[in-house]
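Below, subunit A partners subunit B and then partners subunit C, in two separate complexes.
After this line comes the complex of A and B, so read on.
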């Protein structure tokens, strides 16, 4: 793989800016506002982790940006998605197609549904190359496809590339998807649950590969996942999404060690850990909200331990406000949480872990 | 949570001593024949489970972990006899389930129940929650009028649902509540053993914690033994007293949870644990991360000798020639199936305070 030529933004400059995005779906039960004013940036060379539970809108946000929402039932109500100077939300479909797969590439959860079952892997990657470079001769595209597969760690790439997706394992297919995604040296790579369908040892391989690709291409990466472990391993900055809104954003260390939104803290506390023996987990009570009947005020208030019956949470939706350097949270009582997390951190530091020499 | 009406509800089932063996699996084998094709010899078979032995005690939770295709879910299905074993025995309180006739099997199933992964696919969408939970009672001819209704309501309450929920249909519930319904259906006959097949892997983190806590409460309240099948190593650690690690149809290591997690002996266990992403960014550059090469081999054509050797960094000639037995190599009560098993110098589980 060659180094990137020009074209990509210098490190630290935003590659994509999403501003106040609102997306609605028509459902039999009524209109669902799946994305409700989401804004975030991702910079060149940076990995932005977007975390949240099913239905929170984390995937719908990027589908809207890429123009991949179902046209019949979904609409972008307002917002901007600026890639360089272009607003992707206002680009005609033909021009957006030229951007997709070229400047912005995607890796999805299930590589089997993203690969054509009746075409060889080599053919599909070669076509991805030729789709954006009509002047590229077929044989050169094939050769490049094999090089790309080799670069993403497919052993014996020249031979295997002539195989079909069903002959490849899940981990190999995801490598092929990544090869296809980086084929045109995108400025932005969007990976939506890229390792969720994979076993843990294969996940480790694919995460290593994504890291390597990031180092090599300098692309900005949006990594969408429900897995806080993957976020902690990969992300530079984190966006936490709940009920269609960004509830907290900040540097990855800050989010994990000093969260200021009760939902973020709740997620961390609810996680069973590899490094502690059995004990009760602090589950978040209740169920994720039904977006047809979104709770008033802060959507998290019915499940929130900080709410304590206070009217402000019910009456007024909190804005995302600065709580520290590069750290913002959407909670009326984010200050109270600072004291609580400090106390919790103090407790866990004092807790003896599994000492060495524990009898087997 | 109110205890059920019979006075023994908060104690162990009658005739059960905590710690007494309730389930024992001996040399269990399940081969699935593969249809002859262009590439395969006739008569070849997927060796899904190939000589698995373990026991489970009353009130205990044993975790069975491993990656897809390791055979853990097949073991679960063999134990409740949704599948018949190719060889070996499944002993429920001394009685071989594999050799049971229909009538005996019914008696065993009253006490040995399974909870499935998918709370969407495993509940009949046309039946009310009450009917779903009452079904096992009807099958066992124990649903009688008011008494049956009361038992169902009690069970719903036990799993944190309201009796009024019985009149609703599964689709009116979220994933976590559906899994509660699945648990209620498994509990209604008053079993001693629950086989939990990936019970929380379809659930979001916040809901997963609710269900894990529920399972622990039920266990201490009812003295249940759990066999937990899961791929999530943190979930297993959280719930289990003991853990068995499987690879390609065999157990490669088994022992107390803490021992296996802090001092894994088998190279596969070491690699597996080190591959789990740790939800703490301060540890992302931790050393001792072992990334295995390649994929799990085809279970229809497993490697000779040690099945892990094709991905193992310790593999030597001996590993191809001989099959390492699952034996207690260090006298810790923590058997491992590797010629080169080693007690790690320091606890290898990540995330320990320095």
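After this line comes the complex of A and C, so read on.
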């Protein structure tokens, strides 16, 4: 076993590179292009925050990478997902299975339903170990499972591990999910809305744990969330997704202080704040787009304050263009936002490191 | 899953069985006719009728007859067959093994095959092979047992001679040892297959639906994300949950199976309980009828108990409630 102090790849090196991923679903209403040319990297030791409204394709992207999309209705149209030298999207099932849970592990949103209700917690963690180490005896796997639970802060782990998920609280179950995910010391940990289903006080604990795990294992982390508060607290870099496309990406400080996409700005303005006397929340007008009938040009234009009836937004889809060091945005009029953000900064932008997601 | 739980469930068995004995007793006596006509014939000899009636205690008031019968049952005495003149319990015990063998084989075989087929079909849902299995199950489920039985007789027994046509053993054949067992197995094959066919269909369809639902569940996605094989996820994770409703259905089958055996036993000349039951109904042989009632009731109640215990094993949340 190699030294995992800094993950298997040196810090700063991309662990996973997603390139031009396109995923389509067959639905009764027609074909939905849920992911439309998404590209991003995540490096060892780094936490990449992926933000967007529900249904924007942020989860579908990672499920596609792991081959966990529903087989009948979903298909990867094109793209690459490079882990080391391997393209996970073209790996034969048997080899992809060796990657899942071993090199790339995932923590899902709802710990209440993501564990098997009729198997003990210990068994479910031991299963993850034995799936990738055929020679590991059952009793050794069980012992290791208890150690893992202990490491993620489950009190009295040896006794509790013999219990069933229904005897565990939501926060404890999410700890068990995290223990399961780090069981095989993965190079990449994907956490999909890991705190959304939890109480606010438990959310902070789980985020602390994720941060601690990252520090200990040096794994790359993809944190998927719709909660900018979580992003501010956890992420090094941010990818903002809208209607299946990356609309802005940059380091967390830049995204919060100098966004160059009106959607990002809208998300920031919608953050509830305790330090202003604003009475109502600023919502982005309109609805997330119906992906069967995607708006022409820039998908955000029907809801965009910057559009102002200009034809270019309707006619032409903007490419992701560099707007600053390590900062890219997909807006025809990104320049105009510089002035807007300067005006809005005082009342809307949250500081990275402000604390956990503000209560809704 | 404590001993106390099992004990409590067993205590509930007593009033259930007692109720069934009471209802069965009253129903038989409410029906017109009686064993005397069957025994003494249509001669019209009133004196002889009265003699026979008194001999079996049928001249006593009904509550008294009931009390006597209940007391005897509690002592393990099911009475004497009016027709055969032998203890009812002996008559029933003679026929019981054949029926248990037939119904038991059908129940176990159909459960195992049904679950396996259902899970297999769910794993390749909506494919041609799934469609074939699902449609075949539907046809089998819709086919009446007597028709299936005669069809099997015509094609597999009479036409090809692969299987014997009637009975449980070959007349003058081996009576002990392996040769005897093989002879019985050859006789058993067709009736058991026919009896199991409907069960297989029901169990397979239910299993398939349950597994399909479970395969879309969050915990299955977690299991796949851990790197478990499709097969392990199907059998250890999805199927385990999907079995809950299947176990309920299988647990309710012993009662139905005994009813289904009547037809199959008649078609295949199987020397089991069902034909005894038929003749006993015709002759109003009350001790035999009530004995069989008691047996069926006990079987159903016992099957329910076993179902509950299996439930607790499949879903620990039930155990801890």
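Definition applied: the second predicted complex is superposed on the first by the 336 of 360 C-alpha atoms of A that agree within 3 Å, B and C clash if a C-alpha of one lies under 4 Å from a C-alpha of the other, contacts with A are read in each partner's own complex, and residues count from 1 in each chain.
Basically, a contact is a pair of C-beta atoms (placed from the backbone, for glycine too) under 8 Å apart; a residue touches a chain by one contact, two chains touch by 3 or more.
What you see is a predicted model; the values in this text were computed from it and never measured.
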Superposed partners subunit B and subunit C on subunit A - clash or fit: fit
Touching partner for A:171 - first (subunit B), second (subunit C), both, neither: first
Touched partner set for A:240, first subunit B, second subunit C, both or neither: neither
Subunit A-centred angle between subunit C and subunit B, computed on Cα centres after superposition, in steps of 10 °: 80
Of subunit C and subunit B, partner touching more subunit A residues: B
Which superposed partner A:201 touches (first subunit B, second subunit C, both, neither): first
Subunit B versus subunit C as contact partner of A:320, first or second or both or neither: neither
Partner chain(s) touched by A:180 [first = subunit B, second = subunit C, both, neither]: second
Least Cα gap, in Å, left between subunit B and subunit C after the two complexes are fitted on chain A: 6
Overlap of the subunit B and subunit C footprints on subunit A, listed as residue numbers: none
Contacting residues of subunit A [partner subunit C, same complex]: 66, 68, 70, 72, 93, 97-102, 105-106, 108, 110, 113-119, 127-128, 131-132, 164, 166-167, 177, 180
Residue ranges of subunit A in contact with subunit B within the complex: 53-54, 155, 169, 171-172, 199-205, 207-208, 226-235, 252-253, 256-257, 266-268, 270-285, 287-288, 303, 349, 352-354, 356, 358-360
In the complex with subunit A, residue positions of subunit B that touch it: 67-68, 174, 176-177, 204-210, 212-213, 216, 231-235, 237-241, 255-259, 261-263, 271-273, 275-284, 289, 291-296, 330, 332-334, 346-347, 349-353
Interface residues, subunit C side, partner subunit A - complex: 125-126, 216-219, 221-230, 236-237, 240-241, 314-317, 320
